[in-house]
Amino acid sequence: MKKSHTFYIGVFVSLAYSGVASALSFETLPEPPTNLVVIDTPDDAGNSVELDWALSGTDIFNPLNENASDTDPSAIVSTYSIERKISDANGSELDEADSNWQKVSEAGAGESHWTDRTVERGWTYDYRICSVGNQGDSSIWCDAEPVTPVMQMFNMSKVWLAIFMLIFGGFIAYYINYARSGKPLWVRKIAGLEAIDEAVGRATEMGRPVLFVIGIQDINEIQTLAGLTVLSRVAKTAAEYGAQIEVPTCRSLVMAAARETVEAAYLAAGAPDAYQPDRIHYLTDEQFAFVAGVTGYMVREEPAACIYMGGFYAESLILAETGNHIGAIQVAGTAMPSQLPFFVASCDYTLIGEEFFAASAYLSGDPLQIGSLKGQDYGKFFSVLILVAGIFIASIISLSHSEEGLAVDSLNYIKNNMLGSEGLGSFGGGDTDIEGDDS
Amino acid sequence: MLKILQNIDRRWVFLSMLLAVAIPVLAKTVFPVNISPQTMMVFNAIEDLPEGSRILLSYDFDPASQGELLPMAQAFTRHCSIKGHKQYYMALWPLGPPMVDLSIDTIESEYPNLVYGEDYMKFDYKTGGEAVIRMITQDLRGMFELDSKGVSLDEIPMTKNIKNIQDMDLIINVSAGDPGTKQWVQFAATPFGITTVSGCTGVQAPQMYPYIPEQLAGVLGAIKAAAEYEAAIDEVYPSIASNPKAQEAKRRMGPQLVAHSLMIGLIILGNIIFFVSRKRGLA
Amino acid sequence: MKRTVPLIIAIIAGFVLLIANFIPYAEGWGLKAQEWFNILAVGAMILGGGNLVKLHLIKISGQRKGWGYSAVTIGCFVGTLIFGLFKIGVHPNEIYPNVGWSGYYLEGGSGLWWIYQHMIVPLTSMMFAMLAFYVATAAFRAFRAKNTEATLLLVTAGVVLLGQTYAGVWLFEGWLPESMQWLRFDHLTEWVMNIPNTGGTRAITIGIALGVVATSLRILLGVDRSYLGQD
């Protein structure tokens, strides 16, 4: 490590040398960048600062450099060099090098922004930037005010998300409470779920097993949890009827969870002795090997009912077509939009997206859960209102070709603040595009 | 006759599909390709970047969808190589790294002037899917300390100055499912405004179109779009047109045409049976 | 007790991570939780693998119907495990030539690579390719013009199927006037994909997202406990 005075001497000598060299060779130095502004990144944990500067006059990517093509070749900016020093370490011990100017980054020509993510919360930093020409000549430095990154307690850019969440959660909580008070709630019939009992019943009559596939996702996916809920009901019905249930799984954790679910269901049905843990078994994590295993079972054992509830991918059609071939009653439920058409084409009943998630509330018959469904509907109504309002305002703007006014302000507010990341902000204030880089 | 058709063994359907695919493959039938505006969006996203731009290529598919996605992935690799972009490869699927290796083989055999570590490199495989994306948008080394050969990123010329993938000029994602394009859009493209294009399977494509143009700069859906993309590259860089390996997707359009025609034939046949039997049922 | 403790863990972890999303200091907690999940999932692999081996060993020892296949399964399982764990055929990494097992596990020419290249690749590709056949039978059986909606779907399917190939252009070549070019199937396909499909997909996606939120809230509030095995 250099001592600080040698460093300064070095800088002086190099500056003097570069000055002499350029004077001798009549080379022009690149113009420096200007207006370096360093701010603490808002809404963060105090671990980054943002640097913005105005491009050099000899940067050919500078839109203000109108004579870009005439710029002296030796002065054309190739990069910007950014240096930093720590002026206050908030009581911590510092390396000597850190309290001197040190190069921390380099930005390409045309770039006017950099985020320093290597800062410590509460420390104070100085920054400076210079442009470096094609020949390696540096311009004079452009300095900035010192900055001290601090932590914010709440991420204000997500305030609208929090508001939406509270409204949505509020609806659900209100209707759960409403249901608790004993008032009746009506839910429309979901044919696919009604069909499950019929399917299990038929399997019992035919003396053949019921196959249940909980998708191929892991237990941390919400669709797998929704699938387990339906499994719980199917297992209970099977236990009551005395039918066999077979549950091959694609993930070990799902196998463990499914065993718990089925065991509890058998217990609840008063038939704990009929529970056979080995019928709930892990096959493989590999998607198509799993399909091969399950379809192999289907062709050999010919289950009378095949129920698919969970997250599925390309295997959906292979499973459902094989089930169709063996003549099983098939009920499917998934929230994978791309797989829905295949299930609809090949199964007797399909729970589409939301219906699948509503299954647990529907099947339980528990008023609290049904209340949450009602709350969900109001949340949906609220979302549709915003959607319609947005479409309405956007249509007005596009029909009237107006570029300012109440409508434009409202649309900008919806786009940038409510759906974007500008937080509460001020109405009619910002008009920045949420896509930033694309614009 | 109607009875025979009604109870037709599905194996006859299978056989006809086999022939529909096999005959054009064996006959090497190639049809002309019309380039759609959707494909041009993807092509331009890569073409318009200045030479030496940093491109992250995440190949999130496995051998199962290799037939549908590999030609597209290879076309991305060739296009980036011709343009002289810096290519950073990674894979989110456990069986994805070998797919990347196929692209690296292509670079080594067709563009021997490109140097590993300076023009292209491959990150080590890390499990975690979307968690990997979320981490590398903030801190690349927090997830990948090494490249796939075990070399530290600080020792590789093209990675030593990269802090996170916000430093990339473009993300190209070839995706067969989750984690894939959806996660790249949710955790990288949208929050950080990193321009992203996607190549995905036909089944996924309808889900990806809603992201255009703000969250995705373009989507290539299945083999048809891959063929168009190959044609777009051929037009601008005629030298590549003579490379038979760079025409894989176009070759696959032949079987696709015949197979699709067969499907339409089957649907029509199915409906004729349906209507005739309904009429007789009523009569 | 057996269900109460997991329920409490789920509720606390869920709410903490939910709130962490809004607090800059806690932003990384979600990622940490995901890492913990990955660690647990790897541990659970032993559970799953153990179960697989156990079931097949029972089948073999009891010489039940099809026990030969079980023997093949166990053989493949153990074989792949050995080739993968011991990196058989993998050369040490060039940078660390003296460190055993430092090479890339799927190095070209190694044992696991051979299994991958010559078994996994063809087998999984084969399973995926079977979709072509199943799509054909499903279309043959299910695509019936039973009512107006089904007929619309049928016609759209036909247009898109042809629009995805050169036939969409070729059928209209030479006779369609310039002003009617939008009728070409490839143009119609683009329209179908960009307008009705995008609108429909957005609607389904928004509905699903709301369903996910409500289900998550039910679980977080402890209203829905069926995933823990309680109805």
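Residue numbering begins at 1 within each chain, and the chains themselves are lettered A, B and C in the order written.
In this text, a residue touches a chain if its C-beta (ideal position, glycine included) is under 8 Å from a C-beta of that chain, and two chains touch if they have at least 3 such contacts.
All figures in this text were calculated on a predicted structure; none of them were measured in a lab.
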Chain-chain pair with the highest tally of contacting C-beta pairs: A-C
Farthest chain relative to chain A (centres taken as mean CA coordinates): B
Centre-of-Cα separation between chain C and chain A, whole angstrom: 18
Geometric centre distance via CA averages, chain B-chain A, whole Å: 22
Per-residue multi-chain contacts in chain A, two or more chains: 287-288, 314, 337
Residues of chain C whose C-beta touches two or more other chains: 120, 124, 127-128, 135, 137, 139, 141, 143, 201, 205
Residues of chain B touching at least two other chains: 10, 64-65, 206-207
Residue ranges of chain B in contact with chain C within the complex: 10, 13-14, 16-18, 21, 31-34, 36-38, 62-67, 95, 97-98, 101, 127-128, 130-131, 134-135, 148-151, 202, 205-207, 209-210, 221-222, 224, 253, 256-257, 259-264, 266-267, 269-271, 274-275
Chain C residues touching chain B - in the complex, by the definition given at the top: 30-31, 34-35, 38, 93-96, 102, 104, 106, 108, 116-117, 120-121, 124-125, 127-129, 132-133, 135-137, 139-141, 143-146, 154, 157-158, 161-162, 164-167, 169-170, 186, 190, 193-194, 197-198, 201-202, 205
Residues of chain C that touch chain A when the two form their complex: 21-25, 27, 37, 40-41, 44-49, 51-52, 55, 58, 66, 120, 123-124, 127-128, 130-131, 134-135, 137-139, 141-143, 201, 204-208, 210-219, 221, 223-224, 226-231
Touch list for chain A against partner chain B, complex: 105-106, 115, 117, 287-288, 313-314, 325, 337-339, 421, 434-438
List of chain A residues in touch with chain C within their complex: 43-46, 151-155, 158, 161-162, 168-169, 172-173, 176, 218, 220, 222, 225-226, 228-229, 232-233, 236, 249, 251-253, 255-257, 260-265, 268, 278, 281-289, 291-292, 300, 314, 317-318, 320-321, 324, 335, 337, 340, 342, 345-346, 352-354, 356-358, 360-361, 364, 366, 368-369, 372-373, 375-376, 379-380, 383, 387
